[in-house]
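Chain IDs A, B, C, D and E follow the sequence of writing; residue 1 opens each chain.
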Amino acid sequence: MKKSMGKGRVVSAVLIKDLRIEARSRVVTNQVLPFAGLIMIMFAFALDNDDVLQRVAGGLIWLATIFSLFVIVQRSFAIDTVDAALDSLRVAGIDLSAVFLGKAIALTLQLMALDVVLIASAFLLYQVQVSAVGLVLLVTCVTCATTGLGFVGTLYGGLTAGTNGRETLLPLLLLPVVAPVLIAATRATEAAFGSGGAATSEGWAWVGLLTIFAAVFGIGGSLAFGPLIDE
Amino acid sequence: MSQSSRKVSNTGTQATRVIGVLAIVVMIWVVVSGLVLTPADVVQGESVRIMYVHVPSAWIAYVAFIVTAIASAFYIFAKRHSLGFDRVAGASAEVGVMFMAITLITGSLWGRLTWGEFWQWDPRLTTTAFLFVTYIGYLAVRGLDGSTQQRAKRSAVVALLAVLEIPLVHFSVVFWRSLHQGATILDPNGDVKMDGLMLFTLFSGVVGFTLVFIWLVLHRQRTMLLSDLAIERGLDNAILERQNESARN
Amino acid sequence: MTSEKVVDFNDVVIVYDDFPAVAGATFCVDAGEIILLQGPNGAGKTTLLRACAGLLQIARGSANVLGCDLQTDRAAVRSRVGLLGHANGLFQDLTVSENMSFWSRLVGANKIDIDQAIDAMGLSGRLSETPVAKLSAGQRRRCALASLIVRRAQLWLLDEPHAGLDAQGRDELDRTLRAARDSGATVIFASHEIERAQSLATRCLLVTSGTVMPV
Amino acid sequence: MKKSMGKGRVVSAVLIKDLRIEARSRVVTNQVLPFAGLIMIMFAFALDNDDVLQRVAGGLIWLATIFSLFVIVQRSFAIDTVDAALDSLRVAGIDLSAVFLGKAIALTLQLMALDVVLIASAFLLYQVQVSAVGLVLLVTCVTCATTGLGFVGTLYGGLTAGTNGRETLLPLLLLPVVAPVLIAATRATEAAFGSGGAATSEGWAWVGLLTIFAAVFGIGGSLAFGPLIDE
Amino acid sequence: MTSEKVVDFNDVVIVYDDFPAVAGATFCVDAGEIILLQGPNGAGKTTLLRACAGLLQIARGSANVLGCDLQTDRAAVRSRVGLLGHANGLFQDLTVSENMSFWSRLVGANKIDIDQAIDAMGLSGRLSETPVAKLSAGQRRRCALASLIVRRAQLWLLDEPHAGLDAQGRDELDRTLRAARDSGATVIFASHEIERAQSLATRCLLVTSGTVMPV
């Protein structure tokens, strides 16, 4: 009882800290968001042909999300390493899996906010359509995919945080892992939009895959994060 | 550091020599049978012979990555974190990456002959490429600086996560409609659609590649041990140097 | 159950890449001591302090801190020591009081302790609502000290704690460390301000080129 | 005479410093490049359709370049601000326009290297074709566009370097300025590839625009950089 | 042409956002002096030093450094002063000798001077080929000092130069500053190590809450 309360407190402290720093520094809002928006707008321009646009809408949304993931993960750990706060966290003797959860949730929330904007812009710029059933699918897909990305981003971010030169490994490690998420989320989103005649039901299979992904990295990350940043 | 007293001059043992000879014999049989004895395919013609390399190398790459994962698990979950497991994990991953590269190369050559393109954005091909990159990443993590224990711990975590991609590659032909050959041999329904001698040659290839794999891993983990010992010895000297520096002051 | 020694290093070697920053250090610290590590730049003081905090891998030798073996159980050590390194470990975009409440939430300190620590370090009022990035160097150091104080660790490890503090801050720091000792904690700190540090310490150790000897 | 020699020396010192740090830390090579590569691969995968791919190839190359620009500019000034080296540069009493040139050239070279990889991957993955005349156009276009981006990136990077929170302004400031480069370079590249039946000659008009852009920001930057980071 | 005064501040106000860190400072420094700025944390010492280096805007009052008006001609000041701030101003990925040759290329110092400075600061040999990120805190400070030395500035501004240096490094620093003074330069430095600093300085100024007065 005592122990689990302690853990919840750490999770929320880390979560609040990360979100508060973002609220102050506005890195995601001012850097990532405009860029993600630019990708959407540029494509609307480049392929101004509704058919093609609707086909690529799903892929673009998730491509933009994954770029943002890289930037946000790097930022999320830069906050902690710039003045050696990560060391202080390590000697605080707290449950590092709670730190993992706190950071992962903060990351997930930022990605979600981003996706809402991206999807809204897809409606505006690409004239995609969504049915009520599709909307449920879409929301579930965004939730599962961003959660998975949040977990995996935090895990590998922690692995590569700190020592000089290690950061440069991050994309190499993340790329192959997030590629399945990109594909699954794209297909699920396409199913939700009904683009290319995909059926909504097909989408749920992909969401299942996303859920498995999130679960694997959620559990794996909680277990591995401590030992990893701990050495 | 009990090993440092043992005299080590080469990485071979009686066992590796036997395995080596066996590997050579089996591989010679595969070459003869694959190139001469087996018939050409009705559809694919002579190019089907690439299969005797392509398929075994893919499977042995899987095996190598699974061995890496198992050794990593032993490293992490055993009470005494033994670096021996870490070396086996690393050696196996290196050899696995090599086999995966062979798969990619033979696959794209084969693709050129059957599809007319070296590369297609096909699920099996793409997931294979991702698997390959993942293990390049694994090797890069092993290359990070830090102590041997740190290296072992970090890379073990990556190995245990990376191995989960193998089912994704294997079932990618099922998940997505794929250009690539579906499961012909490891067909879930169990009916093998292949000529007897072809099948035997293919499995000979698998056996031969397995022997090569074992031989390489045994040697590689020995060289890793030796280089760890060399580092230890270098450290001995560095410590003495630093202590002398302090005595001078 | 455990030995009386708070720190017990025996021929310890600590390596960066392939450079042995600590090359065979042997020393003990008893409970209730205030130990000064002195020695030239690059001798290995910071490395020793970080090792005591459980942050570094021990390459050779045996090291025991607060009854935990550093080879096998660094995590257990970390929960019981407090470390102030060369860096402050603060979040630049958060204010002093936000930083304090973050750290104290993690270690379960209460509001009164926090206010007291902020007060002792002279950061109350306007300063406590200022983002750390907008403080002067000494004020930042004070904030880091305040968040160390609320930890109430059993073993305090401080790397040049006097640097950057003004005269009044140094007095306050010495008072704090003595009080910590009186309440049963042990203190190890590195410093280049020999006179001041020696008058604070109960014992001095000389670190040179990775080895430790009594002064 | 003396003065101008001094300036050349500063330019080369700054240039060598920036490139050497990149050679050591490999941020661009290991972080930006895989990222840019990902954009290309993902699109090939997402739009497995040669016609569409060839149409978007030009746009993708320049979108990836501009994204990389943001990252490299930030990195380029992070090098100087992390330990207050920019302050030291400011009190070194040197001609700051030389610092501008040095940094801009380093940035341009990195962008060029990146574009070579991106264009090569477009050949490989998208099966684009280029004639001899097209190749000349392509090389000129890359040179002019990256030079322009190098100048404008360095100028705005300097403007936003240093003070906390200002960094987040960079994309907001840069986006509208580089949008014309994106369009002009895309059109010129399309002309070089002959995609969508664009004539090579059309491309040269766009290259002209890129040259003007580079010239304006080269001159403007040399004049304004000093006063800007100097305040 | 110019006045004999190297620094002449008259009722100077310097503002961060809306906080007047320096609130009416009036003082002069003559050529050849070694001035100590002492005072509590947050008093405005760093702010004054950075202002003298021409890095900060003067909100009110008149300030003159080396004959240049800080209100109108800060660029001219900057080329003639040398500043060592709280931060070191080094490139972490470059080695000591690469850092040194970068800075000295900019200011046109020659190879011999560089080697001498590296030597004086005890960074020759293995250390000179080590990336700055892998040095100890004191070694990094020494590297920053070495790159200040090769500047041969007319006015040296140092913010807590003694902090982090070992005993031998402090002696070397004092020697360097005295030598600079002897060769016609002027030195202003801030420090919290009053005794040591007072013995080095020819005159002390007390900074409190943004104002300056003689001690």
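One rule holds in what follows: a contact is a pair of C-beta atoms (placed from the backbone, for glycine too) under 8 Å apart; a residue touches a chain by one contact, two chains touch by 3 or more.
Owing to the predicted nature of the structure, the values given are computational and were not obtained by experimental measurement.
A.B. asks: Greatest Cα-centroid separation from subunit E: which chain?
C.D. replies: Farthest by centroid: B.
A.B. asks: Name the chain with the Cα centroid closest to the overall protein Cα centroid.
C.D. replies: Measuring from the global C-alpha mean, the nearest chain centre belongs to A.
A.B. asks: Looking only at C-beta pairs in contact, point me to the busier pair out of A-B and B-C.
C.D. replies: Pair with more contacting C-beta pairs, A-B versus B-C: A-B.
A.B. asks: For subunit C versus subunit E, what separation do you get between their C-alpha means, in angstrom?
C.D. replies: Computed value for the inter-centroid distance: 29 Å.
A.B. asks: Averaging over Cα atoms per chain, report the distance between subunit D and subunit E in Å.
C.D. replies: A distance of 37 Å separates the two centres.
A.B. asks: How many angstrom between the C-alpha centroids of subunit E and subunit A?
C.D. replies: 46
A.B. asks: Centroid from C-alpha atoms only, then distance subunit B to subunit D, rounded to Å. What do you get?
C.D. replies: Averaging C-alpha atoms per chain gives centres 40 Å apart.
A.B. asks: Which subunit A residues sit where two or more other chains touch them?
C.D. replies: Where subunit A meets two or more other chains at a single residue, that happens at 24-25, 164-165, 169, 172, 175, 179, 231.
A.B. asks: In subunit B, what residues contact two or more other chains?
C.D. replies: Answer for subunit B, listing residues that touch two or more other chains: 126, 145-147, 149-150.
A.B. asks: In subunit E, what residues contact two or more other chains?
C.D. replies: Counting only residues that touch two or more other chains, subunit E contributes 92-93.
A.B. asks: Residue numbers of subunit E touching subunit C in their complex, please.
C.D. replies: 16-17, 39-42, 46, 86, 122, 127, 134-139, 141-142, 160, 163-170, 192-195
A.B. asks: Which positions of subunit A touch subunit D when the two form their complex?
C.D. replies: 24-27, 29-31, 34-35, 38-39, 42-43, 46-47, 52, 55-56, 59, 63, 66-67, 70, 164-165, 167-172, 175, 179, 182-183, 186
A.B. asks: Taking the touch rule as given, give the residues of subunit D at its contact with subunit E in the complex, in rising order.
C.D. replies: 6, 9-10, 13, 17, 20-21, 24-25, 79, 82-85, 87-94, 226, 230-231
A.B. asks: Once bound in the complex, which stretches of subunit C touch subunit A?
C.D. replies: 53-55, 57, 74-75, 78-83, 85, 87-94, 98, 102-103, 105-108, 131, 147, 151
A.B. asks: Inside the complex, what are the residues of subunit B that reach subunit C?
C.D. replies: Contact set of subunit B toward subunit C: 145-147, 149-150, 231, 234-235, 238-239, 242-243, 245-246, 249.
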